[in-house]
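Each of the next two complexes has chain A plus one more chain, namely chain B in the first and chain C in the second.
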Partner chain A sequence: MTQHIIVNSQIIDVLAILMLMSTIILIGTSRLKTCIWACVFRSFLLTLTSGLIAYFSGIHHIYITTGVSLVLKVVLVPGFLFYIVDKVNIKKEVESYISYTLSLLISCGIILIAYYSTLSIIQFENTFMRHCLPVSLAITLVGFFAMITRKKAITQILGLVTMEDGLFFAALSTSYGMPLIVELGVFFDILVSVIIMGLYVYRIKESFDTIDTGFLRDLRE
Partner chain B sequence: MLSSIILPILQIVVIVGLSPLVKGFINKMEARIQCRRGASLFQPYYNLVKLLQKDAVVSETASWIFRVTPYVTFVSILIIALLVPVLSSTVPVNFTGDIILIIYLFALGRFFLALSSLDTGSAFGGMGGSREMAISSMAEPAMMLSIFTVSLTVGSTNLSNITGTLLNYKSLNPSLFLAFSALVIVIIAETGRIPIDNPFTHLELTMIHEGMILEFSGRYLALIEWASSMKLLLLLTILVNTFLPWGIATGFSFPGLIISFALYLVKIGFFAFAIAILESSFAKVRLFRIPNLLGTSFILSVLAIISFYVVS
Partner chain C sequence: MVILLLLIIPIITAIACVLIGKHSVSKYISIAGSFLALLYNIFLNYNIHVQHSLLGLNGFFYMDALSILTTQIVTIIGFASSLYSAGYMAAELHEGVVTERKLRWYYFLFHMFIFTMLLVCVTNNLGIMWVAIEATTLSTTFLVGFYNKKQHQEAAWKYIIICTVGITLALFGVILTYHSSKGVLGEIGYALNWTDLLTVADRFEPHLIKLAFIFILVGYGTKAGLAPMHTWLPDAHSQAPAPISALFSGVLINCSLYGIIRYHILTSKCVGPHYSSTLLMVFGLISVIVSIPFILVQRDYKRLFAYSSIEHIGFIALGIGFGGMYSVYGAELHTFNHAVTKSLLFFCAGNLFLKYKTTKMESIKGIIKVTPITGIILIIGVFAITGTPPFNIFVSEFMVLADGFASGNAFIIIFSSLLVVCITLIFIGYIYNIFKMIFGVSPEAIPKGEISKFTIAAMCFLLVFVLVISFYVPPLLREILNSIYDIIRNA
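Entry: the complex of A and B
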């Protein structure tokens, strides 16, 4: 039985690490569509993880959040983002306020901070999912970092989705998810905010001919 | 006693003999993916035979470094072929060196190539040499850290011990996943495959490795080409036998070696096919974007080692 639990927690640890890797790809790549695909991959892994956790723990309401997360974050949100990218006709690469290599190094530092700050908690957990808490914290912080350093509105949306993924994963791995009604509320929030931001991207593009949010700071008549 | 003589010979034969075939296989697969018929699988062998029969043309201004370089490169790779477990996790000469020596032997060959590229005074050579050195200065730390993660997990830097221990390793270690993906990026960079360098062109804008060997001809060129295809096969062997050692023979027994050889071919073929797909689906990245890619690899390897320390 304990062997079983160890194997299960190892599978979830490996999935957590893969999620972390796709978040690093999100920071490290320069192509917008690769960024979106990295987000899709991470959300898919998260759905897989939550399905596995539901199966291993036998808590049924996690299945519902898994299903909602699959429809919303793996299908609807990326589909909408691809639609926006095509509609706004973005050809240029991802632009950032700081260079890629520097932002990679900073996000590496963020991940280290996440590992060391959760060290005092995870060292007492003997068997179950030791990588999950640091990885979820790291994903949240790196998503936040992507949001504040990227110039384009689309990549900021991706940062928001990344943050939400991290929070969802943290709740899932530490306490088997939040209450169902809270999860559903958060999902709905994400959907609405992505749609509103997507519409904003379109508006910004129409009025400024670019989706660089830096232009919003310029005062105009 | 017999095994400690036959196994090293077998390793050398497999690495030296198969390496042009791996190159030919990658080229053939790429041609197939691009809907061409492509050259024969054995074309690299024909090229080597042709080059070995030709006279070498050496620039008048070239010094002894230029003449020594092909041999140094070839021999350093041959020594690595003796140290890496290929068909059996038992490597009879493994007492002479571990993974750190292997990394430095790779560096030795590259160092001499860069020197010889400067030696003839050709502008393209110098450019290729400086680019190769810039890339390897970023790829080497990532390679070391990812290998060290494996060494820490096993508790030894000896490749033979690493393979032997990981063969019976029953748990899924997330750090090893990170180390594996870092090493894959490093291997692409070290062997000059497409997202980093284009192995098929001599255009001055794109060449890195080809720029360095532009001045070589005849048997010198044959030795360098052969060494570079052996380097690809050896790095793939290290990857395969470190992270996926299943089915490798542990001692010296004839049926075990046959099974091990068949599985080895399958695994190497899989990775060669993966390289072919990767090369067909990506364009070469701009030179100034390469630090970005290698930075990703470096960070993955740092995370591998940190997550190993923090969590276990």
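Entry: the complex of A and C
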């Protein structure tokens, strides 16, 4: 049994690293559609991880969240984002307040911080959580970083989806997911928030003729 | 089952308002629905007074004194605000600013907003509490952007992005709490239930709980408007229609603070009260200090009131952080006082906006001649909100500060002294800004008279609370506040 879990945890470690790398693509690329595809890829890996954990642990309710996550994060949300991107007809690609090289360096720093801040917690753990908790925190914080440095409204939505993915992974790796009803509530909130943000991207494009949120600066002292 | 009914009332009202499109009918449904919720909450309040706490639906719902205080504020301000909406929106409809079709969705979202806030307070599950706090953001984004001009869209975008990010960070705190409780309680579905968490909180892993509290404080603190995460608040509160601003300032920030207090209790029980109290005090003091310059040089009266909300939420956090008997009592009384007084001021602001069509203070003169009732209520409200004796806010601020000075702890005494300075500066800022608007010669074109009987009724309803609590705290409220101190202290 113990050996079984060790083997499995190696597979999950590999998936976790792949997820982190696809999150870094979000920071390092300038093409908006590549960013969305990177998010789709990461969400798909996450769903795969979730399915594997459900299979290895034998906890049935994880299968339900896996299914919902597959439909929601791999199909519905990216599909909606592609639809919005086509609809508002974005010509310029992703722009950032700071250069890509610097962003990548800062992301590396964030990953170190994620490991450092969870050190006191993970040193007592011997499950796969030991590697997954810092990775999930890193994904969350890199998503946060993408949100605050990118100018385009769509990239901010992608940052949010990334944060949610990181948290879903954190819940999964630390405690086999949250209780089912909470998990479903969280999914519902994500779906509704992405739809509302998408509608606002469209409205902002209509009134400001840009989705560069740097132009949103009428309200200040 | 008893608690479930409280949640069903706003949902039915919301659906009824959407089905009946005519504003002349739906405004009465809206008022009746929120009045029913208010009455029902008083009934629940009485039950809790007798039984101390209520559990419902297999432990899914839980109410104690802390939740009943917040739901009481939600239902009181909800009723006042739906009364005010009836008058305010009728005037907007008459001028053609909004359409009846839009008002359908206004009332629908209004009552869904009340539903989500009530759900925050009555759920036993901290995960559902997170879902509900996020749902308050989602149900109000379109209300912030209701008029749909450039500045409203900007405010709505900032609101949803900043709040969603903040609350997403809080989810990490919830996950850490769940992880630590699962380590003690084992593989069970109710490891996030407040009632179960509280019994085992002293056996949690301290590192985990400390990290969780930081994420919760930053996350829910964003929604509560604690500085430095407050940047969405002045925009959203000033751009939303006045009845919604009243709900935002009066209750939404209290609901988020309610979430923080729950985790404060858990953390105190696990690692002792010092850690979370200190964090609350520091964030509270920063909020009070940050609001001062913006209040002193403000040109927009709705933003003035919004910054004042940041000050007051900071003050409440400080009072909870002080942790003494009178300061906790005072801080909780302050949530009530601030809610009724600030909502009253936002109603005045709504009347001014309808009369003068601007939110710039320099364009407004002679309120007392144009709308005498609004003018008088505005004067009372401004004196009350700045903590002038004998009004209600003075009572609660005095309790917190007196307890702070009497605590004997050098750290708390320094904080209290700084607070006195801050409150004085804010008083000056308020009086200087508002009194220029009240007197003077009004522009000729402004029609004289009040907006409607609904708006007057809503303002008088809240004024009663302001005046009564200035001199006398009703026994039912006093009992609740005392039990809250026990809940926070006996953790």
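We take it that the second predicted complex is superposed on the first by the 216 of 221 C-alpha atoms of A that agree within 3 Å, B and C clash if a C-alpha of one lies under 4 Å from a C-alpha of the other, contacts with A are read in each partner's own complex, and residues count from 1 in each chain.
Please note the rule applied: contacts are C-beta pairs under 8 Å (C-beta built on N, C-alpha and C of every residue); 3 or more make two chains touch, one makes a residue touch a chain.
Quick caveat: nothing in here was measured; it's all calculated off a predicted structure.
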When chain B and chain C are modelled together on chain A, clash or fit: fit
Chain touching more of chain A, residue-wise (chain B, chain C): C
Which of chain B and chain C A:16 touches, first, second, both or neither: first
Vertex chain A, arms to chain B and chain C (CA centres, degrees, nearest 10): 150
A:189 touches, of chain B and chain C: first, second, both or neither? second
First (chain B), second (chain C), both or neither touched by A:78: neither
Touched partner set for A:137, first chain B, second chain C, both or neither: second
Contacts of A:198 with chain B and chain C, given as first, second, both or neither: neither
First (chain B), second (chain C), both or neither touched by A:156: second
Lowest inter-chain C-alpha distance for chain C and chain B in the superposed arrangement, angstrom: 19
Interface residues, chain B side, partner chain A - complex: 171-175, 177-178, 181, 289, 291-293, 295-296, 299-300, 302-303, 306-307, 310-311
In the complex, chain C residues that touch chain A: 125, 127-128, 130-131, 134-135, 137-138, 141-142, 145, 148-151, 153-158, 160-161, 164-165, 168-169, 171-172, 174-176, 178-179, 182, 189-192, 205, 207-208, 211, 234-235, 238-239, 294, 297-298, 303
Chain A to chain C touching residues, read off their complex: 117-118, 120-121, 137, 140, 144, 147, 153, 156, 160, 163-164, 167, 170-171, 174-175, 178-182, 185-186, 188-189, 192-193, 196-197, 200, 203-204, 207-208, 213, 216-219, 221
Contact footprint of chain B on chain A as seen in their complex: 6-7, 10-11, 13-14, 16-18, 20-21, 24-25, 28, 30, 100-101, 104-105, 107-108, 111-112, 115-116, 119, 122, 130-131, 134
